[in-house]
Structures are given as structure tokens and as C-alpha cells.
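Below is one structure, written out as C-alpha cells; the observations come after it.
Naming follows writing order (A, B, C, D, E and F), and every chain is counted from residue 1.
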Amino acid sequence: MNGSEFSWSEFFNMGGYAVFVWTSYGLALVMVVANIVSPIIERKRVISRIKRAIRRETNTGKAG
Amino acid sequence: MLKAFYHLLARDLRLAFRSRHELANPLIFFVLVVSLFPLAVTPSADLLMVMAPGVIWVSALLSVLLSLDRLFKQDYEDGSLDQLMLSPNPLVILVLAKVFAHWLLTGLPLVLIAPLLGMFMYVPDEAISTLIFSLLLGTPVLSLVGAIGVSLTVAVNRGGVLLSLIILPLYIPILIFGANAVDVASDGMSVRGQLLFLAAVLALAISLAPLATAVALRITASR
Amino acid sequence: MIDTESGKTALMLETRQLECVRDDRLLFTDLSIKLAAGEILQIEGANGSGKTSLLRILCGLRRAEEGDVYWQGEKVSQVREDFYASMVYIGHLPCIKGDLTTLENIQSLLDTRSQSAPIEEIDEALAKVGLAGFDDVPSKALSSGQRRRILLAFLFLTKAKLWIMDEPLTALDVQGVELVESMLMEHRETGGSAVFTTHHGMQLPCEMSSVTLGKGQGSKC
Amino acid sequence: MFKRIWGWIQRFSSPKHFYSISGKMIPWFAISAIFLGVYGLYMGLFVAPTDYQQGESYRIIFIHVPAAWMSMFIYVVMAVSAGIGLIWQIKLADMIAAASAPIGAWFTFIALVTGSLWGKPMWGAYWVWDARLTSELILLFLYFGYMALQSSIEDQRTADKASGLLAIVGVVNIPIIHYSVQWWNTLHQGATVSKLDKPSMHVDMLIPLLVMAIAAKLFYAAIVLVRARNQVLYRERNRQWVRELVEKL
Amino acid sequence: MIDTESGKTALMLETRQLECVRDDRLLFTDLSIKLAAGEILQIEGANGSGKTSLLRILCGLRRAEEGDVYWQGEKVSQVREDFYASMVYIGHLPCIKGDLTTLENIQSLLDTRSQSAPIEEIDEALAKVGLAGFDDVPSKALSSGQRRRILLAFLFLTKAKLWIMDEPLTALDVQGVELVESMLMEHRETGGSAVFTTHHGMQLPCEMSSVTLGKGQGSKC
Amino acid sequence: MLKAFYHLLARDLRLAFRSRHELANPLIFFVLVVSLFPLAVTPSADLLMVMAPGVIWVSALLSVLLSLDRLFKQDYEDGSLDQLMLSPNPLVILVLAKVFAHWLLTGLPLVLIAPLLGMFMYVPDEAISTLIFSLLLGTPVLSLVGAIGVSLTVAVNRGGVLLSLIILPLYIPILIFGANAVDVASDGMSVRGQLLFLAAVLALAISLAPLATAVALRITASR
């Protein structure tokens, strides 16, 4: 923390460059979240797909 | 009849979404071609600003041109076009559906991304809206007129460049007015005239081009 | 030339003095055919004798040099919508989109005819042609014979009165051939008629008329 | 000796083995990425001093530079593993390559966007057509091309090999990006950090930058493993072990 | 699985434990075939059982998931040039350029095999397959059966020891079928061997081995 | 082996000459696209002079790009490619023959007509020879690199725009150096460096691209 007079509003202002700096950090956060979420969703999809395949096969197996 | 329109539209859209990469393709081509110019010609803002309307319009035109063969070619080759012509519905309606799907998949994305490219190419802010409107009025005409060309060349194998030979001359008036509108808007002048012209051409194209396309299809289908 | 005389009331398709020329070669001329309801007609002829050309003329995809095709007594070009609503053509080409699933392919084929069918009926048709369980497989992952079977299911679902088929047995295995035969018989019994070509003797347990094209001028054997 | 190593490689690269090992590795990567990331952000946003010339806007550096480095690094990883997959037919390598592409594309995208957000205050324009910027854009398109090819070929093996070949051919772009600042006289910053002798940068700025760069690498490591595990499950969906495993989930 | 035991000396093509998987479905596994000189092998199986896939694996256009193909005792991938010089493959696809004439098509097909034949010989082959007089017609003006016949002429001219044919009877008329049969017999007598698929019973007056693929798993009939 | 090269070359040339319209197509496309710019951007000589090298190079690149699908697509679809791969000759030789034929049919005509277009676009006389040389060195690279892209996408239907996505990024360095050479020559400076670079790239491409193409073909043929 820069010296004693740290102020949040000054911090968020970023010396007038707030838009640029915080958009950058925000987008980086979006990227991180997207990269965490999408493989998890993907994993769920793959697993449910495999489960469905197994169920279908056991069903047809009994039928045939 | 409306149902036939809707069903065919839905099929074409579904087909496009099935191969998702293809969906983005005309768009990416557009962006790539536009970005070739700063590299090949000059990176200087002054010059790019002058070139921008022309370059963006030419690139849009080329990327519509290149995507045209998805309009009928495949259908011709796998025989689906025969089935369409044997449909009890008027062929014009079916043609309209296909052309509309084509525009939704190529023209519309171009319109949507154009402002971004305009900014990259230093088009002044006040001309961006003109850029959008001119493309919004112009790209459907490109699809409609393109359909005539495609239906004429569908039986020619590797007709890709023959196609451009046939329809580029028809595209030129649209190109001139479209690019000019953006150019004029950059200078801060009124562009009502140009946009009205484009709108008139669009109206004309919607009413005549599908008919011409249907006739052309009946001719070329006779293999 | 054929004239079944089986009652003019049920006359479906008729051609009068058709002539077809391709590349300067006269394929056939003065060809008059009459096809009544419930009648099945095989077009015979060696390779290159003009069978495909004839079928395309029959369904209006090609124009004959001379003569006309009539549907229930009217020129086809005049009753196009009516004719197309009650006719279905299956040619050499697949008409199948590799990116669509079997089900979607059938649906969109039906759509072009402004028809629709409930899922159960489609499933039934698929089962009939031996594609049960393939309804959600993209067609590009099917073998050549399986793709032809999609067309058979479509054919069945159209309930069209007239079937025009160019080599329907292509790529089909023995069961597939039997299937087509039984489909034709069923179709006939419900008063439908059909025109087809094939090089592989089709054994139908009913009388079948036939037209033979281009004796000797075809493949010059 | 060689045979033993080869055998070991084969065993490790068997999807089943990879699946269980990677499951154990992911938490470690993830935890250290979070730890370093938080630390780097704290150092970068609160501790690092204001820049003389650029003021506070330079703080974009802590996002921009790690992202730019990752965009190139991931491409190289992708191309190398695609090459391994192509030559030695190791399926796992193909999966790593396929799993890397979207992550790389994301980092490239971030480098581009943060760069242009930084460019506005520095150069007065969001975008200039200079060599480094352009080649970074090309890199993004190379990623897109790889992914598009991968998804448009149906047969998985064919898709892997074809897109792998493309990745290898595209490697030519990497040196172009890196040296473009030297070859062409451009607006973009020359090597400031990655100079070997003496980085021309304040240590309090350098440390958070390096920390963030390492955090980004660890993040990539964690995510690429998760993605590769998905690939394993999907591609081996007919094997018994996957079925048993999925049943339990 | 086949083992002719007809003398290991003349063993031409061999497969060991071939396995083919497409889209999750195991088409065949542990398929071992032996083909000696003068032997003719028919691959049988319902639609979608993997015949085409097998043939493409045999000639090295596709990789099997497991197992290898051997030519005269060596892995095909190691003796590629030798193998390709003595093998000819005719698939579903025409390999015919519509813009070239019949003669040019045959010549360029022979060229890709680094072979050439004097005009008289080609004319003779064309006459044999019933295309005499069509040698300077662009192939796009030929009917589907005539185009297949060009391939037959090519096949005959290659003088290859091994013929691999996917549904060679497609689109051929009755005479065409007889032609293929007689060509096969002649080929066999000169010590050649052949692998083919067909759904239309081919009647060869000689013993023929056969492999049946995918019992029941194919088209799920 | 040389014979195989020669025969395949002859076949491809003969095929092209058989459909004569096709022969002229890339050329006409090139001319049309170049002439869109005076229409869309500006007819002023000063501006055109600046834009000319870039515009000519971009148009050349696009017309090669568009003609690429005649390299393998048709052969793939009608099965001839299978036959080529079953040839006892090394695939690399056959690939080289096809690429050479492609260049003779597209690149070479562009090189020959370029001086004329250059004059129309006010390229100074002293830069015309550079224009020719840069295209002479650059267009074969476009064909060679393009062949890799085509062979990778040959199995993808409607791969046209996918193809551009894949190879445009690879084309860009050639475009930059080629256009830059002409630009620099217009200012009367020496262009040895740029031309040497293009020559080096050509040498590299001739030695590596056919190999990569052959590998790619073996991969994608496995249908």
C-alpha cells in the first residue's frame, strides 16, 4: 500500500485510466471464468452422453 | 406456401448450424480480407481512412461472392434441387427462402461486424451508421442477384470464377453507391440520395431476382 | 408401346409421341406410354439407351424434343402442382444431406412436398426399411446402401400415387431388394402405380408391363 | 534402455493412466495458480509504483504481457504435441493439442484486447497496423483455423492429424511475432522484459509481472489437463474402464 | 476366415487380425484373410456391414485400427510401390473426368500407374466392354453404365495381378454383368486374383471363396 | 518418375484447355477485382498510385486463393485422387506436377498481365519490373502453400472459406514482402532484400510444401 494515504476511490480511478485498466482486468476475469466453466460443462455433457449410450445399449440388448 | 418458405429456411439454417465452423466463415473471410489492406498498402491512418469505405465494401462483396456457392451448388449435386423443383409449391417461394437463409448466414453477420472493422480502419464515427445502413440495404441485393448467377452456373463444374465473371458486373453499381455513401458520410454530408437508391434497388431485386432465379433453375436442371 | 385398356377412368400417366435426342443421337422417338392406376411399368434397355433421360422427361425435369406427358388427361405443364403433389421421383442421386440426421433428412424431404408425418409414423417407416435406431445418426456416417434406404422410407411416407424410380436397387443388399419388391406390391394393391428402371431382375409376383428402349442402338455391344 | 523409456512413455501416455494421474495433478496446479495469481495481483495493483511516463495505465501490463506470452507459448506446445501425435501416433499428444487450442485462442484474444485498450492512452488509437499487432491477429486466426479444421472433419483420427499438420505449418508465425518489433520499426514496445542481460524495468514492476506470468502458465496447465480429460472420456467412451468410471459418477 | 492352403508359394494378399471401427461401432475384428494367386474372393455382408471400409483398408487408403495387410508376405506399407504396381482398385466412385474423352480417360488412368498401351490395344479393350466408337466422346455425355464400362476397359488394360473391386456391377446391364463375369474368369485363368463385393449374385463357373462381414450387426434389419 | 510428373502435368493442362472459359477465369477475376478499386475508392491518380502495389498483390492473392479448389477437390470427389495415391510413383512427384500445372494456369497468367494493370494503376515504370519479379517469385509460393491447405480441407464439403481461414494467415508474409517490394521500387530504392527474401521463401516452399501436401493427402484420403 502506497504510503499512508491509500484511498479506494483513487485506486479505482487509476489515475484517470480506470476505463482501460478495469476493462482489461475485467476481461481477464471473464476469460478465467469462461475457461473454468466451459470444460466443466463439457465434462457434464460428455458424461451424460456416455450414460445415455450405455442405457440405450442395455435396453436394445434386452430387446434383441 | 408460407409453411414451405419457413420449412426450407429452417432446413438451411439448421444445416449451417450443424457445421458451426462454416457459419463463421464468411465473417472471418471478410475480416481477413479487410485486414490484408493495411498490411499490403499502408498502415497510415490518413490513407486508410480514405480507402476504408471502398475496401470494406469490396471485401463484403467478395465474401458474399465466395459464399454464394452454398446457395444451390450442393443441392444440385446431391439431387435435392431436383426434389425442390418437383415440389408442389411455387419455385419462387422456395428460392426466396433459400436466398433469405443465405443472407441471414452471410450478409447479416457482415453488417454486424462492419462497425468494428470501420473503427479499425479509422472510419469517422459519424459515418459508421451509414456504413451499417448501406450494407444492410446492399447485402441482400448481393444475395439476390448472386442467386441468379449461381443458378445459371450450377451445372458448370468448377464454376466458381465463371460465377464471378457473370455477377461482378452486376454488383458494381451497388458497390459504387454503397462505398460512395460511406465516403460522403465521412465528409459529413447527407447520404439520403445514395441510401434511397440502394433501397430502390433492393425493392427491385426482391421482386424480380427470385423470378429470374426460378426460371434459370428450370433451365439448368434439365440435365 | 403399351395400352393396358384397364379402364380409361383410372388412367394416370400418359405420353404421346415422345422423342428424345441427346448429343445428336436419337434415343427414342414416337414413344407412347399409358399407365393406369395399380399398374407397374419397367423401363428396360441396355446402358445408354435413354432410361434416365426418359424418367426425367416423365417428371418434367427435362423437356422432350417432341411430344408431351399427360397427367390424368392434362398436360403436365398445365397441372404441375397437382401432378407434383401425387408423384415422387427418386433418381440416381442421393438427395441426402450428410450433415442432417436420418430423421431430419426425411422430414426435410417431406417438407419440400409440403407434407409432414408424425414421428411415430416415420419411426415405423425407418424400422420397415431396416434403419431402426439410425434416426439420429448424421447421414454422412451411413454406408451407401443405408443412404438409399432413407429414400425408401421417404418414398413410403409420401403416400404418392405415382412412383418414378431410377435404379431403386442400387447399393441395396438382398434384403433390400426384397423390401423394394414388397413395397411395390403393397403400393400396387392400394391402387398406386410405378415406373422404374433396373438392370437387376426384379421378381414381382404380379403382371408388370415393360417398355424396352433403344434396341441395339444403346451400348453398341 | 531406450526400450524401457519407450515402454514408460507408452504406459504413461495410455489414456487410462493419464486420466488417473492428471486427476491428481490438477488440484496442485489449480491451487498454486490461484495463490500466485492473487499474490501477483496484489503486488501489481497495490505495491508496484506508478510509472513515470505512463501513469497508472501501465498496470495493464500485468494482464497484457502474460497473456501475450501465453498466446505464443501455448501455440508452441500445441504444435509440438501435434507433431508428436503425428509422428509417434500417441493419442494423448493429439488430445493435448486439441485441448490447448481454445485456451490459446482465449489468451490471444485477451492479449489483443488489453493491448488495444492500452494502445488508446499510449498511442491515441485502439488499433494500429503494426507488425506485432498484425501478427498477433494472425495468430488468433491460426488458432481459429486449427479449431475449425478440427471440428469440420468427422473422423477423429483424421481430424487430429490434419489439424496437427496445420499447427506445425503455422509455427512459422511465432518467430515472426517475436522478432517483428526488431525487423520492422514499430510503435510497439521492444523487448523490455525478456532481454537477457538486464531487464530495463523497475524490480517492483518486474516481480509481479513474472509472478503473473507463472500463474498464467499454471492456470493453463490445470485447464489443459481438465480439457484433455474430457477428451479422454469422449474418445475412449467405448472402453470398459470409461464405462465403469462413468457409471460411478 | 479363409485359408486356401493352395500352396504358400503363390500367396498374394494376406490380412492378420484386422479390426475396423467406425463411429464407435466395431465393424469387424480379428479378420484374417489369405488370398492366393488364381483365387477369387467375394466379400459379403448386408448394407453397412463394412465391405467398402475393408476394401479401402486392403488397398492402403485407410488405416485399420488394429492389424496389418501383407503383400506377398511383406507389410503393404513397406512394399508400397511394388504392391501398387500389381494391384488395381475400383471403388464406388467413377474416377472419370467428364471433360476428357473415353480414350483420354483410359490413358490418364494408365498414366497414373506409369503404364501405357498402344492405341490398338485400347480400342480392342473398348470394343470388348461395348464402347467401340465412343473413344472420342467426352465422358460427361455417357450414361451411368457406359461410364462404369470405361473402368472395366481400364481394369483389363492394367494387367494387374490383383483386382479389388467395390460393387463392379453397379449400373451395368445384363450384358455388362456377363462381361464382368467373363473378365474375372479370364483373369483367374492367367493366375490373377480378385477381391470384390456385390449385392447382385455373380455366377462364376468356378469355386469362389467368400467372407461374410458383420452378421446381424450391420443394417440392424 | 519424371514421366509420371510429365503425364500428370499434361493431363491437368489438357483438362484445363478442354473447358476454355475456365482457363481465363483467374485472370479475369484478377482484372475485375483490381478494377473494383478505382470504382469503390477513388479514381484519383495520386491515391491509386499509392494503393496500386497493395491492391494488385491482394487481388493476385485472392484470385490464386479462389482457383485453389481446382487443385485437388474435383479429383477427390470423382475418386481420381484415390487412384493417384495408389500409383506406384512417389506421391510427392505427383503433387509437384499438380501444383506446377496449377501455377502455369493461374499464377503465370497473372504475372503476364500484371504490368498492364500496373500501368493502369499508375505504377511508375521503374517499378513495373519489380512488380513482375515479385509476382514471379511469389505466386508459386501461393500455389505451393495453398496446396497444403487444399489437401487438408479436401474432405470438408463447402470448405471454400475454411480454406481461406487456414491459408490466408500463411499468405500474409508473402503479401507484405511482395507489395512492399513494389512500393519501395516506386520510390526508386533498391529492392534486393525483399526479392531475396521472396526467393528464399520460394526455395523453402518448393522443398517442404509438396512433402507436407503429400502427408496431408494421405491423412485426408482415409475416408
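In the analysis below, a contact is a pair of C-beta atoms (placed from the backbone, for glycine too) under 8 Å apart; a residue touches a chain by one contact, two chains touch by 3 or more.
Everything numeric in this text was worked out from a predicted model, so none of it was measured.
S.K.: Using the contact definition given at the top, which chains are in touch with both chain A and chain F?
M.R.: D
S.K.: Does the chain B and chain F pair touch with the same residues on each side or with different residues, judged by whether over half of the numbers are shared?
M.R.: same
S.K.: Once every inter-chain C-beta contact is counted, which two chains account for the most?
M.R.: Pair with the most C-beta pairs in contact: B-F.
S.K.: Relative to chain B, which chain has the most distant C-alpha mean position?
M.R.: The most remote chain is E.
S.K.: As a quick test, compute the distance in whole Å between the mean CA positions of chain B and chain C.
M.R.: 37
S.K.: For chain B and chain F, let me know how many angstrom lie between their CA-based centres, rounded off.
M.R.: Distance between chain centres, rounded to whole Å: 25 Å.
S.K.: Where the centres are mean C-alpha positions, what is the separation of chain D from chain F, in Å?
M.R.: About 33 Å separates the centre of chain D from that of chain F.
S.K.: Scan chain F for residues touching two or more other chains and write them down.
M.R.: 19, 157, 162, 165, 168-169, 172, 222-223
S.K.: Do you know which chain D residues sit against two or more other chains?
M.R.: Counting only residues that touch two or more other chains, chain D contributes 134, 141, 144, 148, 152, 157, 237.
S.K.: Return the residues of chain C touching two or more other chains; collapse runs of consecutive numbers into ranges.
M.R.: Within chain C, the residues that touch at least two other chains are 92, 133, 138, 141.
S.K.: Touching chain B in the complex: which residues of chain C?
M.R.: It is residues 56, 59-63, 80-82, 84-85, 87-89, 91-97, 99-100, 104, 108-109, 111-114, 138 of chain C that touch chain B.
S.K.: Name, in rising order, each residue of chain F that touches chain D in their complex.
M.R.: Contacts found on chain F: 148, 152-153, 155-156, 159, 162, 165-166, 168-170, 172-173, 212, 215-216, 219-220, 222-223.
S.K.: Going by the contact rule at the top, pick out the chain D residues touching chain B in the complex.
M.R.: It comes out as residues 125-130, 134, 137, 141, 144, 147-148, 151-152.
S.K.: Would you tell me which residues of chain F are touching chain B in their complex?
M.R.: 19, 21-22, 25-26, 28-29, 32-33, 36-37, 39-42, 47, 50-51, 53-55, 57-58, 61-63, 66-67, 69-70, 74, 157-158, 160-162, 164-165, 168-169, 172, 175-176, 179
S.K.: Note which residues of chain C are touching chain E in the complex, please.
M.R.: That would be residues 22-23, 45-50, 52, 92, 130-134, 137, 141-146, 148-149, 167, 169-177, 199-200, 219-221 of chain C.
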